[in-house]
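One chain, chain A, links the two complexes that follow: it is found with chain B in the first and with chain C in the second.
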Partner chain A sequence: MSAPILDIRGLTTAFKTRNGPIKAVDGISLTVERGKTLGIVGESGSGKSMLSLSIMGLVPPPGRIATGEIVFQGSDVLKYSPAEIRDMRGNRISMIFQEPMTSLNPVHTVGFQIIEAIRAHRKGSERELRKEAIEALRRVQIPSPERRFDEFPHQLSGGMRQRVMIAMALVCEPDLLIADEPTTALDVTIQAQILDLLRELQAETGMAIILITHDLGVVAQVADDVAVMYAGKIVERAPVGAIFDDPQHPYTIGLIGSMPRMEDDVERLVAISGVVPPPFRLPVGCRFNPRCPFADDECRASQPALVEISSSHAVACWNAPLEEHA
Partner chain B sequence: MTKPLLELKGIKKLYPVRKGLIIQKQIGTVRAVDGVSFRLMPGETLSVVGESGCGKSTTARLAMRLIEPSEGTIHYDGQDITHAPRAELRRLRREMQIIFQDPYASLNPRMTVEEIIAEPMVVHNVGDNASRRDRVRELLRLVDLAPYHASRYPHEFSGGQRQRIGIARALSVSPRLIVCDEPVSALDVSIQAQIINLLKDLQQEFGLTYLFISHGLAVVKHVSDRVAVMYLGQVVETADKATLYANPRHPYTQALLAAAPEPDPTRRSAGRTLGGDIPSPLNPPSGCRFHTRCPLAQPRCSAEIPALREIGAGHLAACHFAETVPDFTRFRDGYGIRPRLQARLDLYARKRDAVASAIQ
Partner chain C sequence: MLRHTAERLLLAIPVLFGVLLLGFVLMQVVPTDPAIVRAGPTATMDIIEAIRRDLGLDQPLWRQFLIYIGKLVQGDLGVSIINNVPVTQELGATIGPTLELMLASLIWAIPLGILMGTIGGYYRGTFLDRAIMAVSVAGVSVPVFFLGLVLIWLLGFQYQIFPFTGRGGPLWTWEGIKAIVLPALTLGGVFVGPVARMTRSSVLDVLGADHVRTARAKGLPERQVVSRHALRNALVPVVTLIGLQIGFLLGGAVVTETVFSWPGIGRLAVGAILSSDLPMAQGTIIVLSLGFIIVNLAVDVLYAVLDPRVRNA
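For the complex of A and B:
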């Protein structure tokens, strides 16, 4: 098996505050395989977005990466010089965000912004770049790309804007695309189009994708592997099939049970009680213990490590497998 | 036969589009809601689903006369309220309350939770200070918050807790009808489930009638008795929940159902998606408004407007070919939660209930 394209080891991203450091990402290790999609699931405040910003070297101050390694294609990104990071961003790793309107510059045409992304990494004549940008728009299936090239973001629908964002992210043919809630702001029929598009583009280019989302449905549709995050930690990691067939962590089970389903009639949803704790008031022991119906004294005393229960499935729970501890 | 609590007949809301600074000329009309009719029976939940711009929120606001309809009539409890004067409306609004989508924008940050929840009672002259205070405590308990929360401000609460405050406010004057305008769309998945369960419990306890607005078909399936699907200002299909999900007859309903991502990795839906964008309500397509995106469109569809007609008991669809549209089979054979996952979910639910009863 070839080496993973991205290998994160013991990553901690912390923010200095008056009350001491807050760890938004707390000792996370994960790998992304070449050409595969890793889905990172978690609710707001789980640290999933901060994890992606850490990979891109975009952690906003006063936050900083305290410990760990981010090995991308064999070298540690954290040891890169600013010039090397600039060369990596948008070229070897690209990112798309949730809200396509705020990520596009309203005073420049769509075409200009795509060309800008190319120019950041290589030179070219105006005509060549224009051709390339139009090609990029065509690749994300924007109808009449020649005309769209000269339009401004406000003239496009939400779905089209997200396509433009994807075109921009992919124009330099990155090896890794980080998509942070790429379809959350979109309508469901448009969401389906964008997910299809991402799948097709991945098949075409062989890029790896990190898909960050709170929607387990989206994960089930596009991910190969899944990492479930809670309060800055990964609580379960497995191939997508195992997550939906054999979920081990009570949080994962609760998340799946929280989703209203269309196929059967459930009188009551299996909701998780309580809320995600704020990072400055984390409970002692397992961070999920105040919300967990399986919590016992051990859970309230010490934090479980992420332990492999099979070669590909790992879970951080003292009571796994739950059947034996119920 | 029971009378409908709320009935909309041919409701339209048209916004003129003007051009020019001094001499304004009307250059077009946004047909935000274009001839919507439905009945809401006491104690039932009718959901209105559709994508952004379909007019579902406008419809909800029209039903409460928060905005004035351009055409059509609204009946509440048998009484025509289309042109009811302000004083009359005030009385009516004690019976119809609304829960908003954004729990951040819908609570005044300068008021305490007690003031927020008590405000409808103050407006409607219900009780005195002491009884209102008791009522606030009681309402907080009803929505699973604690009495000591009354003196706090909205910023001290999470999104889910704020939505609970919004629900307590709506309940404070004991309404009969609650319009829920995307009440869970802004919330995390685990919190959504809590709020949905709460809304269902409250409905059962107080016999509430809900007009539920949502873009999520899965949420709607969970809360509704009947569902109306809207597209570009018009209802394209209405049916009771079981019929709509098992046998949708409008191609748009089918497309919406097909587009929702399934939480099952063994059933991926590549190649079943609807193309195109939602057209602008300023210039809606001719004939059937869905014909520009419809995979089954015929020449007739762009020429002739399909009427919303009965195609089964209580099942209405606005499609020329409603009878011959292929069956929608996604939720049929071999569908459902797999046994191992179901066992885990059951285990979780049992354990949670055991913990909950141990606390009480």
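For the complex of A and C:
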């Protein structure tokens, strides 16, 4: 196995507040393999978006990366100069966002915004760049890209805008694409189209993808590996098959249980009661213990570390593997 | 777009009518009698009566107004009661210097205000931001005449760098430029503050927007992120404010022109009102309100230029 394209070690992203620093991302380690898709799953507030912004160096102030290493293609991104970070963004690592409605600038044409992304990293004549941008639009299967080039974002539908975002992100052929809830704001049919498109483009270019979502259905469709996040920490990490067939963390089990399924004749979906605790009011011990049906005294006393239970499957739970306790 | 503009122009007609009516009524409230003014201090009652008849002042008010409107529609603004010069001729002679003054004030004040606001918004909370905001608040609070007097005292009287009375000639001559410096500093000075404050809050707003994050994620240099993606979008509300503020600027022009004896329309208005020169005062009011209407129309058009979403609406 070759070296992973992205290797995050002990990353902590904290926000300075009056009551001391608040850790949105708390000591996370994970790897992304070349050409593979890592799905990061978690509820709102679990810190998954902050994790992706940390990789891009786009953590909004007063937040900052407190400790850790983000090793991308062999070098630590956190040691980059501002110019190196700028050159990395959109060129080696690209990102697409949740809100296609607001992520494009309403006052510039679609074409201009794509050309801008190219020109940020290399030179070219106006005509060449235009051709390239139209080609990028064609690649994301936008019909009549020559016409779309001169249109403004408000003239496009949500799905089209997300395609434009993808075209813009991929125009410089990055090695890693971070997709932060790329389909959440879209209709279900459009969702499937966009996910298919991402998969096709990945097969074409061989890029790695980090797919951030709260939707396990999306993960099941496109991810190779899955990391489940809860309250700023990874609680379980495994290949996608293992996550669905043999989930170990009670939180993962809860997430899967709350997924609607066609084949099962279930009266009610199992819901995980309560919400993710805010980072300034974390419980003592395992962070999931107030919501966990299996929680015992040990869970309430100390925090479990992420432990490998097989070569590719790691889980942070005192009760894992579950069978022993069943 | 064209239809939109035409509609706005049509809408301006009732506004203008209202302005005329209001101006007419206000002039009636002024205690001096134009006939007495015109007749001079030594005139007898008979002469004053004759002048009053001659000017149509013996008619009932509504009739006077209708006659006035009737003439106005034909392009006849009447003649000055004081010196018998046609009002249109006086207006024509004074509008140039006023436009000159406006241009000279706005040409530095708007860019400076936008620059200050952008810097303040970008470096929010820093000392620089606070300093800029302190200056802008001062700019908003200082009255035009006070700023004018301070500038006259400092640069006109103490150091005698610039002249401070009258117009030195056309703007393209050295004399003309020297003479316009102080009035333009005065009038523009009160404009910088509001523009800077509005730009700052608008830029702050846009800097937090999703598309700015996208621009950064593309790898754009910070300068382009701010100019193309933050400021460009932030300009829409700023332009609205500028349009509204130009109304105040017209008022400020009246004061500035009076302080600096600038031969513009504002000073003409003040003179006409003080001497109960009814047709002249009405004429200046028409021109000033027309100016306001045109500026607002221009703002509407500019809106569509700045924001493509308005274009198709």
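As a working rule, the second predicted complex is superposed on the first by the 325 of 326 C-alpha atoms of A that agree within 3 Å, B and C clash if a C-alpha of one lies under 4 Å from a C-alpha of the other, contacts with A are read in each partner's own complex, and residues count from 1 in each chain.
Operating definition for what follows: contacts are C-beta pairs under 8 Å (C-beta built on N, C-alpha and C of every residue); 3 or more make two chains touch, one makes a residue touch a chain.
Just so you know, these numbers come straight off a predicted model, no measurement behind them.
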item	value
Clash or fit (per the criteria above) of chain B with chain C on chain A	fit
Residue contacts with chain A in the superposition, chain B compared against chain C	B
Partner chain(s) touched by A:159 [first = chain B, second = chain C, both, neither]	first
Touching partner for A:168 - first (chain B), second (chain C), both, neither	second
Touched partner set for A:182, first chain B, second chain C, both or neither	neither
First (chain B), second (chain C), both or neither touched by A:145	neither
Chain B versus chain C as contact partner of A:106, first or second or both or neither	second
Touching partner for A:87 - first (chain B), second (chain C), both, neither	second
Included angle at chain A between vectors to chain C and chain B, based on C-alpha centres and rounded to the nearest 10 degrees	80
Touched partner set for A:199, first chain B, second chain C, both or neither	first
Partner chain in contact with A:254 - chain B first, chain C second, else both or neither	first
Three-chain overlay, closest Cα atoms of chain B and chain C, distance in Å	7
Contacting residues of chain B [partner chain A, same complex]	51-52, 158, 160-161, 188-194, 196-197, 200, 215-219, 221-222, 245, 255-266, 268-275, 277-278, 331, 335-338, 340-341, 344-345, 347-352, 354-356
Interface residues, chain A side, partner chain B - complex	43-44, 157-160, 187-193, 195-196, 199, 214-218, 220-223, 240-241, 243-247, 250, 253-264, 266, 268-273, 275-276, 293-294, 322-323, 326
Chain A partner contacts - residues on chain C that touch it in the complex	209-211, 213-221, 224, 228-229, 232-233, 306-309, 312
Touching residues (chain side chain A, partner chain C) in the complex	56, 58, 86-91, 94-95, 97, 99, 102-108, 116-117, 120-121, 152, 154-155, 165, 168-169
